[in-house]
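Chain lettering (A, B and C) follows the sequence in which the chains are written, and residue indices restart at 1 in each chain.
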Amino acid sequence: MLDDHIAGIRLVDNHVHGYWLTSGDRGRFENGLNEANIEPLADFDSGFDTQLGFAVRAHCAPLLGLAEHVDPQTYWERRSELSEDQLARVFLPAAGVSDWLVDTGLPGDIAGLPEIADASGGEVGEIVRLEEVAEQAAACPGDYADAFRRILHQRTETAVATKSVLAYRGGFDGDLSQPDARDVAAAAARWRDAGGVRLTDRTLLRFGVHEALALGKPLQFHVGLGDRDCDLHRTNPMLLLELLRQSGTTPIVLLHCYPYEREAGYLAQAFNNVYLDVGLSINHLGARAEAFIERTLELAPFRKILYSSDAFGPVELPYLGSRLWRAGMAAVLAGFVARGQWSEADAIRVVDLIGRDNAVRVYGL
Amino acid sequence: MLDDHIAGIRLVDNHVHGYWLTSGDRGRFENGLNEANIEPLADFDSGFDTQLGFAVRAHCAPLLGLAEHVDPQTYWERRSELSEDQLARVFLPAAGVSDWLVDTGLPGDIAGLPEIADASGGEVGEIVRLEEVAEQAAACPGDYADAFRRILHQRTETAVATKSVLAYRGGFDGDLSQPDARDVAAAAARWRDAGGVRLTDRTLLRFGVHEALALGKPLQFHVGLGDRDCDLHRTNPMLLLELLRQSGTTPIVLLHCYPYEREAGYLAQAFNNVYLDVGLSINHLGARAEAFIERTLELAPFRKILYSSDAFGPVELPYLGSRLWRAGMAAVLAGFVARGQWSEADAIRVVDLIGRDNAVRVYGL
Amino acid sequence: MLDDHIAGIRLVDNHVHGYWLTSGDRGRFENGLNEANIEPLADFDSGFDTQLGFAVRAHCAPLLGLAEHVDPQTYWERRSELSEDQLARVFLPAAGVSDWLVDTGLPGDIAGLPEIADASGGEVGEIVRLEEVAEQAAACPGDYADAFRRILHQRTETAVATKSVLAYRGGFDGDLSQPDARDVAAAAARWRDAGGVRLTDRTLLRFGVHEALALGKPLQFHVGLGDRDCDLHRTNPMLLLELLRQSGTTPIVLLHCYPYEREAGYLAQAFNNVYLDVGLSINHLGARAEAFIERTLELAPFRKILYSSDAFGPVELPYLGSRLWRAGMAAVLAGFVARGQWSEADAIRVVDLIGRDNAVRVYGL
């Protein structure tokens, strides 16, 4: 009954990126299974020899008509027979996702809202990156702060949320208070003089975050696991504590969070407006996703946890996130029920909250 | 046999606070199930939809004549039919605790030693908060250091331990060495001039800790999990390392410790006088208390781990701590035995050590 | 089949120290079961009442003709009937290790390469400590840098790897860039003037690390768990991030890693040249080694994880590391297979990679 419910629930994927639209070589695919490395994998290595690689072979192979755990070469050959669009029409509908909330801030030849909606048959919503808004404001004539606000309001009229990649632009440690208007103007002038590319100026990063807080739509933060361009230890969400104390009622979603998921769960308990997301980590942990899911079910209140895949690149990933989350939740919650700690009815209710209802409430879907 | 032993052992709860003496509304109760938040829970949230809330319904409901996992409304209504004192007479004896060591430093209309002794039928001992001693010394005429020492010695004549909430007064990072007498006098003068309320002066906090070390009675530190007034990441017990190196032979008990229980276990191995306590975390982790207990059974020597509930507020909590600890220990140790790693006789001995014997030895009960 | 394979695989122990050559008293033995404490264990304590102590009694006792879980006194008496050499001839062959890579930088009356080779019947390789090379260079006449390089090259002609204990000499935080030649000369002069003992000068430590990187042989770093002389929180491997970004292609092996094994796994994914070792932690975690092994199987690619015991002192430990690793891997991987996440064939392949093949590749055995 719990199993059936978990298998059947239509999820809201509250943070996902576009999948590749054009075919690539095996190197691209194997590197696409590695999150942290920014160089090509070493010759002796293989993206298939990871938890994620094993999970792709275990769970994605059958959707391509192959046996579970099929060897990498066979998987790759079969995958290569299909276009990325054809693959998307296999994997996206199979994810059982009703709503995809898409961070559109990544460059490259990747799917946007229309492609995702079309291939999946689901609804889509946009998440606007604050650092992209900043670049657009830098390219506008006139006052930077005015331009930022105008663009932010325009773009979020239809968008469901904003997102900050502050984690990649210096991390969370240090002052994150609202900057003075004069400092913002001076920093913007310097940045524009320097070309206005890739925002790393702390004042302008802080400005963007506080504008998003003032806007009131849910604000997502990349937290923890990402590529090695970010200093992982500077993305411990505890370093956001002062900011959270000033953040009012705007929902703040802590994304990914590995290996700080327990700290993030604490913050979700400590602040009425803080949420814990489980995306990215689940895919990359594969057979260990279950353990990660368990750790997110510690201090975080059950109305404060959200599902996402954080998929990017291989279109297997938006499916696999859903598959691993369902398998992990089924195993973990069945354990709680078997040990008499939870009732099955409660377990089913928590599945609904995390998989769907919390996101519907937070994002107003 | 292991199960029976765990069910039957009379525990020493080496750190507990008073329960509410007067009835309150449902908001108070639900907020009482949230440790970290210091604001009223949001309208969309419920203290019942947490691991602790589920644990209350699973394990406390039967003691009120209700079914396990009963719905929150029914639980609340049934609970409301009884006075807090009546509830105490249900839950405290059921905890199977022979000795309650009570931190009396929290304000409010809560039970003190006599009420706890009376309702539980157990023995009680007092734990004296150093920051409260400091406030009393500030209110005395004459030399601050003399007054502090006099009050500390008076109050600990019958008390079993001291406690520091340094975690809430700036955290553990920074110098924690013994301050110079002249600096103490100057800091005390400034603090008295400012009214002598809520000690946050670092010099005087350090002074209190070193006086407690000189006293020689066990000194408890709040570590990790608490409300958001403390900066969780500044309560990592590794930041106490320099202090521990200077701490001599006075037993130091690291309380709660989540999410730093593995670091605390390391310190319990590294220092003859350091102990690891499991309170607060177990209650708030509910179905995941088992996982927490497992992590405390890593590096900490078995003669250096202590049981507590750290209950405060709802009188369910001193019972629930015991219930979850017993269930968790039973499951974890049975697993060790089943895999041939431990003998059952050893498992029983470790239950005695952690549940009772270590505390009897450390506190001289 | 998986079980049989794990039981039969001949391991490479990629980091081990010498065992005691001469008999000692029970105090030495019990202290030898405690990693973190640098003082004699307290009278009330026992090295046997730890996960490691329980593991010794569970797994080593049968090799001495005793029952599993035999009481400590009996174990000690039986052990005392044999010389350390006789014990070595019991435990080393039973470890199922084909190659021992030995850090020879620890002082004391302990086994060196010949004794280990002789008692075990296995191959041996040397790991050269950079800080020992530095001391030898300080004792040489002439230019320090030249002497360091000459000794390093001489000693590593036959050695398989270098090792740094920077963790014990100030930790990883702070600048770890390559120092200027003039600064090295000045620092060396100061150190020689001061006697040239126990290197803690940051410039010279950095110099040694960068010389090892230039050499190109695998460079091992002590990370995390060790004795309390090192500041555990200053050995978080994330603090090596800047150095890793500059480290080129020289393999870097992060040893031990507890409680930072998840961070270390992240780094093993992020850098083509970074490896995760599981030694020391497994022994000291005993019944919980399984949980540690699981956590190392999260983000680290399977071609980037290495087995070691990091045994030192009691000759039970090089055996026990192997025993606990085999038991832990068997349980963890069987779980992955049972849940359909991994195939059994993959599990067997991962056992080979971690237990042997990765080390053969990295160290060129």
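Rule of thumb we're sticking to: a residue touches a chain if its C-beta (ideal position, glycine included) is under 8 Å from a C-beta of that chain, and two chains touch if they have at least 3 such contacts.
These are the chains along with the protein names UniProt gives them: A, B, C = Amidohydrolase.
Because the structure is predicted, anything quoted here is derived from the model rather than measured.
At the interface between chain A (Amidohydrolase) and chain B (Amidohydrolase), two copies of one sequence, fewer than half of the residue numbers in use appear on both sides, so the contact is built from largely different positions. Fitting chain A (Amidohydrolase) to chain C (Amidohydrolase) on CA positions gives a rotation angle of 120°, reported to the nearest 5. Computed from the mean C-alpha positions, the centre of chain A (Amidohydrolase) lies at a distance of 37 Å from the centre of chain B (Amidohydrolase).
In chain A (Amidohydrolase), no residue reaches two or more other chains under the touch definition.
Put simply, chain A (Amidohydrolase) touches chain B (Amidohydrolase) in their complex at residues 236, 238-239, 241, 245, 262-263, 266-267, 269-273, 294-295, 297-299, 301-304, 336, 339-343, 345-346, 350, 353, 361. Taken together, the chain A (Amidohydrolase) residues at the contact with chain C (Amidohydrolase) in this complex read 34-39, 41-42, 44-46, 49-51, 54-55, 58, 68-69, 225, 227-228, 231-233, 258-259, 284-288, 290-291, 327, 331.
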